[in-house]
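Read from first to last, the chains carry the letters A, B, C and D; within each, the first residue is number 1.
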Amino acid sequence: MKLTILIHCPDQSGIIRSVTTFVHQQEGNVVYLDQHVDKQVGVFFMRLESEFEKKVSLEAFKKGFEQELAQQFQMEWDIYLGAYRPKMAIFVSKYNHCLYDLLSRYNSEELSVDIPFILSNHRDLEYVAEQFQIPFYHVPVTKDTREEAEEKQLELLKKHEVDFIVLARYMQIVSPKLIDVYPQKIINIHHSFLPAFVGAKPYHAAFERGVKIIGATSHYVTSELDAGPIIEQDVTAVSHSHSIKDFIAKGRDLERIVLSRAVQLHVARKTMVYNNKTVIFS
Amino acid sequence: MKLTILIHCPDQSGIIRSVTTFVHQQEGNVVYLDQHVDKQVGVFFMRLESEFEKKVSLEAFKKGFEQELAQQFQMEWDIYLGAYRPKMAIFVSKYNHCLYDLLSRYNSEELSVDIPFILSNHRDLEYVAEQFQIPFYHVPVTKDTREEAEEKQLELLKKHEVDFIVLARYMQIVSPKLIDVYPQKIINIHHSFLPAFVGAKPYHAAFERGVKIIGATSHYVTSELDAGPIIEQDVTAVSHSHSIKDFIAKGRDLERIVLSRAVQLHVARKTMVYNNKTVIFS
Amino acid sequence: MKLTILIHCPDQSGIIRSVTTFVHQQEGNVVYLDQHVDKQVGVFFMRLESEFEKKVSLEAFKKGFEQELAQQFQMEWDIYLGAYRPKMAIFVSKYNHCLYDLLSRYNSEELSVDIPFILSNHRDLEYVAEQFQIPFYHVPVTKDTREEAEEKQLELLKKHEVDFIVLARYMQIVSPKLIDVYPQKIINIHHSFLPAFVGAKPYHAAFERGVKIIGATSHYVTSELDAGPIIEQDVTAVSHSHSIKDFIAKGRDLERIVLSRAVQLHVARKTMVYNNKTVIFS
Amino acid sequence: MKLTILIHCPDQSGIIRSVTTFVHQQEGNVVYLDQHVDKQVGVFFMRLESEFEKKVSLEAFKKGFEQELAQQFQMEWDIYLGAYRPKMAIFVSKYNHCLYDLLSRYNSEELSVDIPFILSNHRDLEYVAEQFQIPFYHVPVTKDTREEAEEKQLELLKKHEVDFIVLARYMQIVSPKLIDVYPQKIINIHHSFLPAFVGAKPYHAAFERGVKIIGATSHYVTSELDAGPIIEQDVTAVSHSHSIKDFIAKGRDLERIVLSRAVQLHVARKTMVYNNKTVIFS
């Protein structure tokens, strides 16, 4: 049995010693430990993986952890069972490249998740869902039906017990209601090197500015557009000889890879969020 | 004898044929040709290198070029003699890393320029100028002496027949008067991945935003701050574990390399500017 | 109508002028020209795209080109009709990541080819062919059936008029007989930064050596294993913290992207081969 | 006061807990901890930084560490005082780019070392040593004087109590005698992406092979040529349009940066060597 423990708390002496001692008392063996101190804000972060030869009650472990450690150090913490496959919903619009990328990784077991459904405001990608035999829900969004659509989305997410949502070029602004229910659990891919080129048509803006490098950014969605905690970024070189169409084509490859890396990090519980920034464990 | 010809003009049929025919008539051999068409604005760009076995009069060549080609095709053009070493002035403030980088390249003949002087608003780097035996001028800039300082700068530039200026972390805003005299001939290094983090303290802003990649940008200076035509950009990965101090240290390496690449491109006559963007020939 | 002309010939004066003049005489307009001279061997390379408002007979154009230009300059040349979609066969074995990548690009029209069939020595990926409704041929290869398998492969390639072959992690050595029929028309992806780690299990060898960067290489297949002309390479950083399994996972992303870029370059007629090296036009 | 502790030992339960408890007992506060387990060989690695408000006797700390921890866990360990500036000798030949890079970093306090001397088999770079006012020793190496030269080198190293040696393009094979005295303390820069292109003239070999990416590698010197534990690697893109001269020019920038990063990692005690591979802590 394997547990992954994520902690953040005010920085103070003795945290590592206390946590590793606790794990030892529960007959666990620490197989990975990484920690980080944000000195600006005085916050300590830790990710720890431990293996247990005997079966341990997750409930009892959590209770003991809370009472013996968390209260003393004022910890915010999560403890995950290694074997659990999170349930990931995918929201798309009309572009299929990120969707194909995620599904082919899912199909080849690169990505250890279950995908209860794909949701879109258009029917264009229903055929991809069918290719991979995943339920597809068409939830159109117009100015008038926005609230109704949100209710429908929330209902589907709840019914399928979705753990986190991936916006694979969804192209719609997600409602605060959804964000409240899935804080730091909605992953978006933005097709620029944020914070450059926030908002619509970033490739056009990059072309206009004559940049020599374009990028893509995956981040957790917050209520402020394209301003959530950044999980992963990557870039590629462009030149004067590339048209906007070339930017978009090159960008597709960035979007695929940056989104899939962010999803992998999230699934592996390697991300923590604090102060609108992420700590990404190795 | 070698000539480098740079042209831009409205895109139209027959330009390449006409120019290569003209070079042939002058008994030149085309050893390099690269061209680009900006389809958005309908402008044709070309860079051509040609070798001449016999000595050719540059003046006569230019006159013929203007009369037989440039007028017909409405060309803007420059023709450079291959052997000419341009005169490069370096402006610095207190940081020495870009200065050392440029001078060591100059010293080892990596950089084919003459350096008539180094100018600074501080005396901190005078010792570096002395190490490399290059004249150093201390021209302090305060609110009250700004105009006087500009006059002094212009006088020095004129006296030394400077061809172009490199701002190697000069940290001062260059006056429009200087920019007018050296249009597309002042190269700046900005320590961010423009257009992200324009202005002061970009590493602090990047740290605050929690980006996963930082960059540096070299560009021609125009009257709008950090908004001139981009010549070269590069980036490097950062993580939550890096402090602002780490950003600055990693950034120094980017600044060195990005500035030196831009200077090399400028010296090799491989840059053209149009519509506040650059065409960078290979 | 659009034609793409690829030329290589002994370097000599007047080639560009003569070719552009010829195109002009045929009432074509040169919209792209890139050239390269390999000074070591004295060979000139050129890629030229020209547009014709009137319909031109490809046969007549080729005939004129041969008689008026090619013979004089001793050119080897190819002329392609812009609108032609080449026929690409895909050979796979058991790994699906490169196959999915190619098919999703094909499906979204990123890749302008026809795919007459997918061929494999195993049945494992037949389901992927079915997902994308592409014919699948199972041609097992054992020591005893190798020759028979090659005959079967050649027969299929001929029947479907295949223009080029992509080995998308085929894991079998391709026979010289096939290479003879498809010279510089079989694209392989090798999972290392060639020439490091030629042969089997390159990720294991890279791990063993403790490298800090791994790579992938796409190349044209020649009779010498992993030694053909390199089309495209890319790399990614690794560290001591990565296991061989991690190398393989990171490598999959490299393989996908490097293979797809090579295929795109080939399809766009941007590759030329000389002296076991490639010229890759921009 | 700050101590940096580096440990490797057979992987077993309780190491982190025991070490952090020991530091705590000495009234130290752990401010950084990173660990790694090489599962192939069952070895545990750890780097730990701790701060002490009171002054601690380094000798007593080391003694206690050995007795209470090291013996029990069969640890190999080093403990360094944070404030110590190691003494770095630089060996060069005729190329100045790596030397200038190191010296300018040294001069601007980027690099926290003392440089007791620069040594060369030629007098070409004596002027650089003079520019930076660092003692320069000319120790010629010929077939006949090799042993004598080695004696001279060892004598100088001993006399100046040198901690580690940087071969900044030294171009000579270092004798096993020197390597024995400085195991994992001689840092070399090799101008290729090892293990590709071992030995002399790697840029020529890379050009010949037609690679699309070139690299540089810094490694600890062992008795086998270019086969020591790799500390750092980096690469840059090249194309058919680059000559060998271009490869060399681009390579210089790689060599500078890769060597300086390796030196920085070594100085910061962030490298450990095991099984001819490095663990590089973050």
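Heads up, the rule we're going with is that a contact is a pair of C-beta atoms (placed from the backbone, for glycine too) under 8 Å apart; a residue touches a chain by one contact, two chains touch by 3 or more.
The structure displayed is predicted, hence computed values, not measured ones.
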Most widely separated chain from subunit A, with each centre as the mean of CA atoms: B
Copies subunit A and subunit D touch via same or different residues, half shared test: same
Approximate Å spacing (C-alpha centroids) for the pair subunit A, subunit B: 42
Chain centre separation in whole Å, for subunit C relative to subunit B (CA means): 38
Multi-chain contact sites of subunit B, meaning residues that touch two or more partners: 239, 241, 282
Subunit B residues touching subunit A - in the complex, by the definition given at the top: 36, 38-39, 193-197, 209-213, 215, 229-235, 239-241, 243, 275-280
Complex contacts: residues of subunit A adjacent to subunit D: 13-14, 16-17, 20-21, 24, 29-35, 37, 282
Interfacial residue positions of subunit D with respect to subunit B in the complex: 96-97, 100-101, 104-105, 107-108, 110, 131-132, 239, 241, 249, 252-253, 257, 260, 282
